[in-house]
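Here chain A shows up in two complexes: once beside chain B, once beside chain C.
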Partner chain A sequence: MPNASDTERTLVAAATAPAGRRVPARAVRMLAFTVCAALILSWPGLAPNPYILSAGVMVASYACTATAWNFMGGFTGYVSLGHAAFFGLGAYGTGVLIRDLDWPPFAAWLAAGVIVVLITVPVGIAALRVRGASFVIVSIAFVLILLLVAQTWQDLTGGSDGLVVPRPFPDLSRPEHHRAFFYLFVALLAVMLLAWWAIDRSRFGTGLKAVREDEDKAQALGVPTRNYKLVAYLISAFFTGLSGGMYALWFGDLDPIFQFSVLLGAYMVLMALLGGVRHLYGPLLGALIVGGALEYFELEFGGTQLHLVAAAVLLGVVVLVTPDGIIPAVRDLVRRFGPQDSSIREMTAAELLAHNRASGRGGPPPDEAPDEAAAPGTGEER
Partner chain B sequence: MTAHEPPRSLETVDLTKSFGGVRAVDGATVTFRHGRINALIGPNGSGKTTFFNCVTGMIRPDAGTVTYRGQQITGRPPHRIARAGIGRSFQLCRVFPRMTVLENMLVAVRPAGLRDLVGGAGSPAETDKARRLLVRVGIDHLENVEAANLSYGQQKLLELAGVLMGDPDTIMLDEPAGGVNPALIGRIGTLIRELNDEGKTFLVVEHNMDMVMSLSHHVVVFDRGRPIAEGTPSAVRADPRVLEAYLGI
Partner chain C sequence: MSGSLLFQSLVLGVLLGGLYALLAAGLTLYFGVMRVVMIAHSAFLILAAYLAWYFNDQTGWDPLLSLFVTVPLFFAAGVGMQRLLIARLRPATLTMMSVLLTFAVALLIEGMIGLIWSGTQRRIQLPYSGSNVEFFGASIAVVKLVAFVLAGASLGLLYLLLTKSRFGRALRATIQHKEAAQLVGIKTDRVAGLGFGLGLATAAVGGTALALDATIYPSLHWHWVGPLMAIIVVGGLGSVPGTAIAAMVLGIGQSLLQVEFGTTWAQTLFYIALFVTLMVRPQGFFGGRLAQRF
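For the complex of A and B:
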């Protein structure tokens, strides 16, 4: 039975374990990353027919939108159900710039992304004045307004007759077109993941996560929360807009009902929540599952509403069973049954409690006894 | 007497805030002097926390002004007030539960504009500073633990360390001894005294009378949203108005 100071030392040693001991974990992660990346990139070669191939493009576009959503939803905890607004704006911006101004397709695409950002500045300033449920409502209102505008402003959008976006690569056959766009979406996704990773470890990202955990507290510590939230919202809108523009170039036919759809926004939320909003690859994983399922229903049962029911059931399951998403849930499982990691960072609350109990210095968890305090002598003994 | 009063640090004039019909803070005019440990005491519901919130910008007062070191700060957003040098803790200790102890500390790092977007959460110097503060409050061995996994007392220490990370001149603590065991109360008291020796001004809301009496240089008594008495701890303890407010005599 170790005495208290022994345990104390083990804890300290574990916390400052040399980086060398993490190498196997990093190697495993690198391997997993390489395998997954290789699988994704070889999809166009594996797909047996153009339908399946185009389903893959659709899933890749879902992965982009869900990851784009997560720049706001994941970092700040502000759940927007209206992100389809940015998707639609990006899509129509791209289409209109090509059709009316004859811009080169990808210049139009990038410009549309910038336009989305410019439109989002006032919207963000207004929407981010409220929190929680009010923000959700405001975000939905925004997409509904845009839907009405797009349907009414026939001259610009073609209304429900649709807007035909000229194909950027007219010489490509249908499968080649799908293949090209699959890679374009994956490249866009890669850029987003890189940006997410960079923000995640930055001061900006730390501030955003603090907003998600406790916005008032973050403000009290000097985080300029309003500016941070707005910048996150703009980044999120920009990438969502680019996803929409890419979709316009790929699909070539826009209808307000589909581009400015609350359902599309809801899918983004579902995918991100399912995979895990706190994790880099969470939305991607969620998109693979939800997007894959949606495409399967579409292919198998055609245009029924069955996929809606399935999505609703899935959302219920996610919220009830794995509120943090699949990635953290699987991680916990692996941790429980897999080889023990020496890092104390990897400890769960229960394990830490057990650890403290074993060393006879911890007490009951905070919610049991609020007047429990720091382990007496913690720190002073050393 | 006024000749050797230290300079004014934080002042409020006629500060007022109502919730519906309740006047939580009711025309409070108070001056806190620089370099002192000031205590703010008063019965539950007398408006101490609301007073804190008005001063730190968490709540916009209905009327009145807040002045800090000669500058009007009324109605400024909380992060500006924090950057101006007022750090605060919350009555029910608040940390970022799903961030590690070290990440909790780095939240309070001073923003650097566009450079915030790239690079790490804290520079080596800032991370060093965070670690030194964690050593100071005695939870440095927990730096990689998620804050939710800390005991309540450890969370209180983390919150205090996080406030110190922003280099405040004035530190406002809302019931630092609330819900904490006696050993830790002693330690928090020692920390406050040491920090005060280093020049920090304190404004402490506290119910623990032993702590208030032993620690503070100046005590302000709140009742129904305004100060009813103030002075040295011993003078305040003997003041009949204070006894009345507390004991209803």
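For the complex of A and C:
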């Protein structure tokens, strides 16, 4: 019953009186956030062995890429299957800068991120001239072309022999190395989430979301759609490149097949979609589920193609059943069965009037009130 | 590059372009009837190639005979896919979600092939595998010629079906304007399903033709996705003649570049053509009204 609760929320928010009901919700949210953050941060301590710890690092890197993808996919609705291109460019950029120019690891990492942005500018301009299907085609084509180049250009990338990236912390033991990088990935993720949150609340973010809902109308209303899309694409590419560079520093061995893999790009899409592209934590949640499942499949079934089948089935189910992701699905469920549903009934007509007077908006049309009162009832019957 | 070598690669390019044209025609059909970009097209292509190989491996008969099984099978699979999967997506996000859905189908096929027949490279050995025919000084492998004839014949059949038959007219009407087609009494849902079936049938024919002279492995379809997608964008989404011309031009171009730079760099031609097209003419060189918004 979104109708009933939406009305309730606007009424409460509009009222000048302190809204008592909002405080617990915020407190619950803060508590949940703190618990989740604490759980994530204590993972290296909880992990029983280095292998599980390294799986955690892998999942953290998935979370980074999925969140980075969501800067484009979530805000503008442009599904890019080719974000692995930026991941690979970031990884190889970092590796090559360290190997050939002897740059300090994290300077190389940042520089690789900038290089990714510079490469993405012309690609973005070309890709964003078209919408929908053609955009996806271009994004896939970009990965495939980079895969070809990386495999063929043996002198620079080492081709299929791989490129060994020197470790940034040579003194650390393997578990300590994993632990350090777990925190680095989480820090990167935190920066991304903060940036996403800021954009989500900005005018820029509103413009991007307008593009997602109806690009023609957004354009007609004066949103500079092309520039907005391009900037979102560049931000997304930058963060994906940084994730790739971080992965290169952590993993230390790069192979074109794995860095420039369409599959990796598909995983990003799958994770973000599964969690919910319109939500801050959607990609993170999706990464936890999909990344965890991928690691499990790798452990249990190793070299077989079963993980492909599983990923394919999951992607198909997500697209067909919950294209908006599980966060909104769960929220709807909570809203349908949860206590909030009946909250409007706890307000008497007099209280409602007082709220409306306070907000200076006047009362709702008289015929609307009974509707709202009846609405939660129908919700429970379903 | 000597004259005869040039001619030789030109002929090979035409043969390759024919196969590309057939496959791109299938992609154009999907896009035309449903505005769907079918990523799984090349996965079905490889699946058909595997079926042809398996058929030959088990029975010892000519792999071309497997067409009698795979074409109806793929046709049914296409109709089923449209009715059961694609038609369920929300119209508002159909284009994007269908890409993901067909991508999932492609992954599924790749994974299943890998599970059933393992990742080993397969190749059909035929009595006429090694033989060549002379054509004005150019020597052409018989299998390539057979593949070309097969592709050309199916493309011709498809053309006749689309232009001469009642169903073809209904299909083209659906492609041109769905609502108008509904108004004149065409059951566009059904036509779209059959269009999908036809598209997949081209993948069956193409896959069998491919199996004749290529080594196949489960992830091979990624090598086909890029070029095919580039062809339909360059030709203009939704335009069958446009994609056929683009397929020919790019196929010949690839074949010519191959001599000079080797196979890998020749492949980049498709991507360069794709990016140039987007910069110069985003709707494709032969695309009309339809291509602009997609």
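Assorted remarks:
By our rule, the second predicted complex is superposed on the first by the 320 of 382 C-alpha atoms of A that agree within 3 Å, B and C clash if a C-alpha of one lies under 4 Å from a C-alpha of the other, contacts with A are read in each partner's own complex, and residues count from 1 in each chain.
Keep in mind that, in the parts below, contacts are C-beta pairs under 8 Å (C-beta built on N, C-alpha and C of every residue); 3 or more make two chains touch, one makes a residue touch a chain.
Remember, predicted model here, so these are calculated numbers, not experimental data.
Applying the stated contact rule after C-alpha superposition, one finds that A:K209 touches chain B and leaves chain C untouched.
Legend: residue contacts after superposition of the two complexes on their common chain; A:A141 is shown touching chain C, with no touch to chain B. By the touch criterion stated above, A:S42 is placed in contact with neither chain B nor chain C. Touch criterion not met for A:Q154: it reaches neither chain B nor chain C. When the two structures are aligned on the shared chain, A:S173 is found in touch with neither chain B nor chain C. By the touch criterion stated above, A:A311 is placed in contact with chain C alone, chain B being left untouched. Contacts of A:T34 after superposition on the shared chain: neither chain B nor chain C is touched.
On the chain C side of its complex with chain A, the touching residues are 31, 35-37, 39, 85, 88-90, 93, 95-97, 99-101, 103-108, 110-115, 119, 218, 222, 225-226, 229-230, 232-233, 237, 264-265, 267-268, 270-271, 274-275, 278-279, 282, 293-294. On chain A, the positions that touch chain B within their shared complex are 8, 11-12, 15, 198-199, 201-207, 209-210, 213-214, 216-226, 231, 278, 343-345, 347, 349, 352-353, 362-363, 365-366, 369-376, 378-380, 382. In the complex of the two chains, the chain A residues touching chain C come out as 77-79, 81, 123, 125-127, 129-134, 136-138, 140-142, 144-145, 148-149, 151-152, 262-263, 266, 269, 273, 304-309, 311-313, 315-316, 319-320, 323.
By the touch criterion stated above, chain B contacts chain A in their complex at residues 56-58, 77-79, 82-83, 87-88, 90, 94-100, 103, 106-112, 115-122, 135, 137-146, 148-157, 162-163, 165-166, 179-181, 183-184, 187.
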